[in-house]
Amino acid sequence: MSTVTTRTLVVPDEKKRARIPQRKRADRGRRLAGSVLFHVVSIAVLIVLLYPAAWMVLSAFKPSSDIVGNVSLIPDTWTLENFTQVFEGIAGMSFWRFAWNSLVLAVLTVVGVCLSSSVTAYAFARIDFRGRGIWFALMIGTLLLPFHVVIIPQYIVFNQLHLINTFTPLLIGRFLATEAFFVFLLVQFMRSVPRDLDEAARIDGAGHLRIFTTIMLPLMRPALVTCSIFAFLGSWNDFFGPLLYLKSPDLYPLPIALRLYIDSTSASNFGAQMAMAVLSLLPVLLFFLIFQRYIVGGIATSGLKG
Amino acid sequence: MSVITEKVPVTRAASGETAARRPVAGARIRRRPHGQNNRAGYTFLLPWLIGFIGLTAGPMIASLYLSFTEYNLFSPPEWIGLDNYARLFADPRFQQSAVVTLTYVLIGTPVKLVVSLAVAMLLNNNRRGQSFYRSAFYVPSLVGASVAIAIVWRAMFIDDGVVDRIGAFFGIDWGGWVGDPNYTIYMFILLAAWQFGAPMVIFLAGLKDIPAELYEAADMDGAGRWRKFVSITLPTLSPVLFFNLLLEMINAFQVFGSAFIISNGSGGPAGSTLFYTLYLYQRGFEDQQLGYASALAWVLLVVIGIVTAIFFRSSKMWVHYGGDAR
Amino acid sequence: MRYTRTIGVVAAAGVALGALAGCSSDESAATDEGGSVELTVTWWGNESRIEKYEKSFEIFEEEHPGVEITGVPSDYGSYWTSRSTEGAARELPDLMQFDGNLTKYAHNGLLLDASEYVGDTIDFTNVDENIVKGAQVDGKQFGIPFGVGGMSLFVNKALVEKAGVEMLDVDYTWDELNAWIGEITDAGITNDDGQPVYGGNDHGAATQLFYQWLVQKGIEPWDGETPGFSQQDIVDYLALEDEGLANGAFYPVDRTTQVAPLDGFSMNESASSLTYASFYGRYAPEVGGENIVMLPVPSGESGEKAMWFGPSNYAIGANTEHPEEATELADFLARDARVAEIFGTDRGIMVDTETRAGFEPQEGTGDAEVLAYVDSVEQYATAVTPQTPENFASYEAEWLRLNEERMYGNITAEEFAEQWWTEAGL
């Protein structure tokens, strides 16, 4: 793989347009038609795209029996019964317990990822040490590694250490920078930070630790925010890990708890499922609304080019 | 200790240019001997090293060993040589899962990328609301892999469900897709396509980097839309395309959550949703055949390795790095 | 520097929170602090069963001060992955609801041999010998039976009437059943929701039906790990359904997939269902108790039904620190009259004849129906519960899966038999 650079989003330059020969009325008309077409198509895509989400949200307000056959989005009868059922809990646990578990896992994930990934990225981006190239290549290699080849031994080891049914197996990797994606993102970002400040600090006698904590970290805030968001979302939606390692209902995060509602020994309750699905996705949506700039921007800058 | 800020002329050029700014004679230059850097380097790298050895490399080797054994978790592993691999290739369910997964990877990934590129091109203009649409289209990517959406998705594809009704509206009677082994895979392909937002954003960023002059020059040469797309857009985007394609493919091989939820852990009906990861889960953690499951994992690794290698090889032919005028 | 401190604080908090979170789960095994005994009990089931267990625990705890019981309910799907994990770490709960996996766990030394407690904390005087034997593995009492169940043919009386077909006679055979199913399907009626009605579900609900057929032929299904039957037997058994399959008489499999976890009978789209008698509890609310008729299983060629009632067992982890209390609890849950009041027939029919006699279900309830059914088929219960092999669970899963494939028309009966045989490693 050749070296990678980051590019920031570039909005087409207004000045360029001035160089184009003078707009004529016909051009303006065409532009208007183009604009209308653009919006029409975009809105059409938007509707098709968001239909499932809208269906889910509105179904949560329908009584269970009305959900299945109903194509129409708007409920015939609005009811909050599904939500009350969800809050009543299942298997003796309340919804808040599941949400709390998800929250604890997600927050700790964010902490772990930020700490370990930034430290690792600093090593790769800023410190020249022997073997750096090899370790870096190996780290990138793990991006392409399917997790299947590691879960079974990990599971066995955690079992021997009596760590099954705790949060530890799910979190330990986060504190050890096992997710190369975040390290990579931060390395990219760090490389684009000029070394002048580093050099200056070094002249002043600063060691790597000082440089890291007082110069790098503050500068890296946008990238760290992006990492935090993705780490949070990744943990919030994680299903396989909790499925494997969490066995008692009082530890279940939302994705696993959601599954309890479709247990085969009791009749399925569509309404409550939808309500719980909505509730479990609310934080995600909220996050997105607040941080969308970072999310979308972060995705853009991670794009590999050249 | 203070951090010097304004005195130093900060050149916003690419990193590496600090050589031009050598400190004046007399100032203390703390040029670290290589040894010291090693220590610092490995100290910072320590967490990752522990993680790499303990959670990645170590387990990899262990699972390779396990793949040559029979291990049911209760008694120690028993060496059986290549038996697992022999069994694997004759195993009808392995074949099923291979077909399902490959279908999903080979159809779903291109579909997803084509859609995302198309929408990115749609949005690649300076019109008002572009950033709104961009954000809105991204939302499904956030939630697409969640259990919640998998549940909703399934509910949409049952008999008399939303999709059935839509088909009926167009005069097609395809019934519920959930119960029809011929259709189930398309549920997943649609789910993948639904999440086009993430690659789309990357494509959009890439598109914006293409200098307008290239298009204008082509315009003056009388090039049509398609020509411009093929000769300008695609080549310039090829690194982004490569990146997206590779990552999406690797992800597609590892689908689990939605398959588990939609099929209720069964991979059914009739094995039509038996994604490879699901099959591995069933064998390893439900049937407790951990040796066999390890063999399955390694086969997947080798396949992905080969596919990736082919990809990188072929990239020399169609990916153009740094070819833009900028 | 400020940042270092912040990082330090956050990291420390993170680790602390992580450690706290890690410790927040329930641990099995007891902590003996001043004589307090902690027992962990696991089971699978739905919401109502959780309540029933909790109530029963309260009674036990009252009568045994110093004993604290922690119940860990689970859904069936994840029950055995949890147990296998615990088994590997030798950390099984004190008391567990068990099924055919008894043999496997016993053979691997994971369960307590409760033989020495029989006559002490465990009392089998009023429990039928066959049931006690059915809970043994290699002659040792690894299982403590708490309920018995069998198979039954559920019939939706209303739908049968609507189809204008005569009800089956209690002595019906396999062939008569399949022909009867075809008749109803051919009648082409629809139910109240306008959905087409079929004569019955296919007979792939459980391998136990195959074993039933074998026993009727005088074949003992399993001898340890060796099957007493051959591939041809499987083919012959499946051949019973051939005609029905060809004519589309059985409830369509793609519909089954869609309505899962319900089935055709629950949906009032299938007039019959040959399955576990305990399914009454899930059928009654959907179909209406008054519409359900329970018939015994079909008769074999000899005219014999050779039914048996298999026990459901509790088992105790070999690593338990309190075998006395655990066995006491098992015995209590299995035979105590008050527990029987609480559970009714939710876990099957009571194993203790006295408890059973003392239990008076309310008229018209599910409990009454099931008990009445069991009484009515007592005369047919001539067989002993067949032994199950170690890998019963995966054999069962494979059988069900192959059955689905067959119903979709993807494999023939021969291929079914072949694949099952290979999968079973035979």
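To keep things simple, chains are lettered A, B and C as they appear, and every chain counts its residues starting from 1.
Going forward, a residue touches a chain if its C-beta (ideal position, glycine included) is under 8 Å from a C-beta of that chain, and two chains touch if they have at least 3 such contacts.
Just so we're clear, the structure is a prediction, and the values are computed from it rather than from any experiment.
Asker: Among the chains, which has its CA centre at the largest distance from chain B's?
Answerer: Here the answer is chain C, farthest from chain B.
Asker: Once every inter-chain C-beta contact is counted, which two chains account for the most?
Answerer: Looking at every pair of chains, the most contacts join A-B.
Asker: State, to the nearest whole Å, the distance from the C-alpha centre of chain A to the C-alpha centre of chain B.
Answerer: Chain centroid spacing, chain A to chain B, equals 14 Å.
Asker: Just how far, in Å, is the C-alpha centre of chain C from the one of chain A?
Answerer: About 41 Å, centre to centre.
Asker: Give me the residues of chain C that touch two or more other chains.
Answerer: 77, 85, 88, 260-261
Asker: Specify, in ascending order, the residues of chain B that touch 2 or more different other chains.
Answerer: Within chain B, residues 73, 158, 264, 285 contact more than one other chain.
Asker: Mind pulling the residue numbers of chain A that touch at least two other chains?
Answerer: Within chain A, the residues that touch at least two other chains are 115, 155-156, 159, 175, 209, 214, 243, 259, 262, 264.
Asker: Spell out the residues on chain A that touch chain C in their complex, using ranges where they run on.
Answerer: 90-92, 104-105, 107-108, 111-112, 115, 155-156, 159-160, 162-168, 171, 175, 209, 213-214, 217-218, 243, 246-251, 259-260, 262-268
Asker: Across the complex, what residues on chain A touch chain B?
Answerer: Those residues of chain A that touch chain B are 1-2, 7, 9-13, 16, 20, 35, 38-39, 41-42, 45-46, 49-50, 52-53, 55-56, 59, 67-69, 71, 115-116, 119-120, 122-124, 127-130, 132, 135, 138-139, 142-157, 159, 172-173, 175-178, 183, 191-197, 199-210, 212, 214-215, 233, 236-237, 239-240, 243-244, 254-256, 258-259, 262, 264, 270, 273-274, 276-278, 280-281, 284-285, 288, 292, 295-296, 299-306.
Asker: Which of the residues in chain C come into contact with chain A in the complex?
Answerer: 1, 3-4, 7, 10-11, 13-14, 17-18, 21-26, 44-47, 50, 54, 72-78, 82, 85-86, 88-89, 91, 260-262, 266, 282, 285-286
Asker: Looking at the complex, which residues from chain B come into contact with chain C?
Answerer: 73-75, 92, 158-159, 175-176, 178-181, 264-266, 268-271, 285-288
Asker: Contact residues on chain B for chain A in the complex?
Answerer: Those in contact with chain A are residues 1-4, 8, 10-13, 15-18, 21, 23, 27-30, 34, 37-38, 40-42, 44-45, 47-52, 54-56, 58-60, 62-64, 66, 73, 119, 122-123, 125-127, 129, 133-140, 142-143, 145-149, 151-153, 155-156, 158, 160-162, 165-166, 194, 198, 201-202, 204-206, 208-209, 212, 216, 239-240, 242-243, 246-247, 250, 253-254, 256-257, 260-261, 264, 277, 280-281, 284-285, 290, 293-294, 296-298, 300-301, 304, 308, 312, 321-322.
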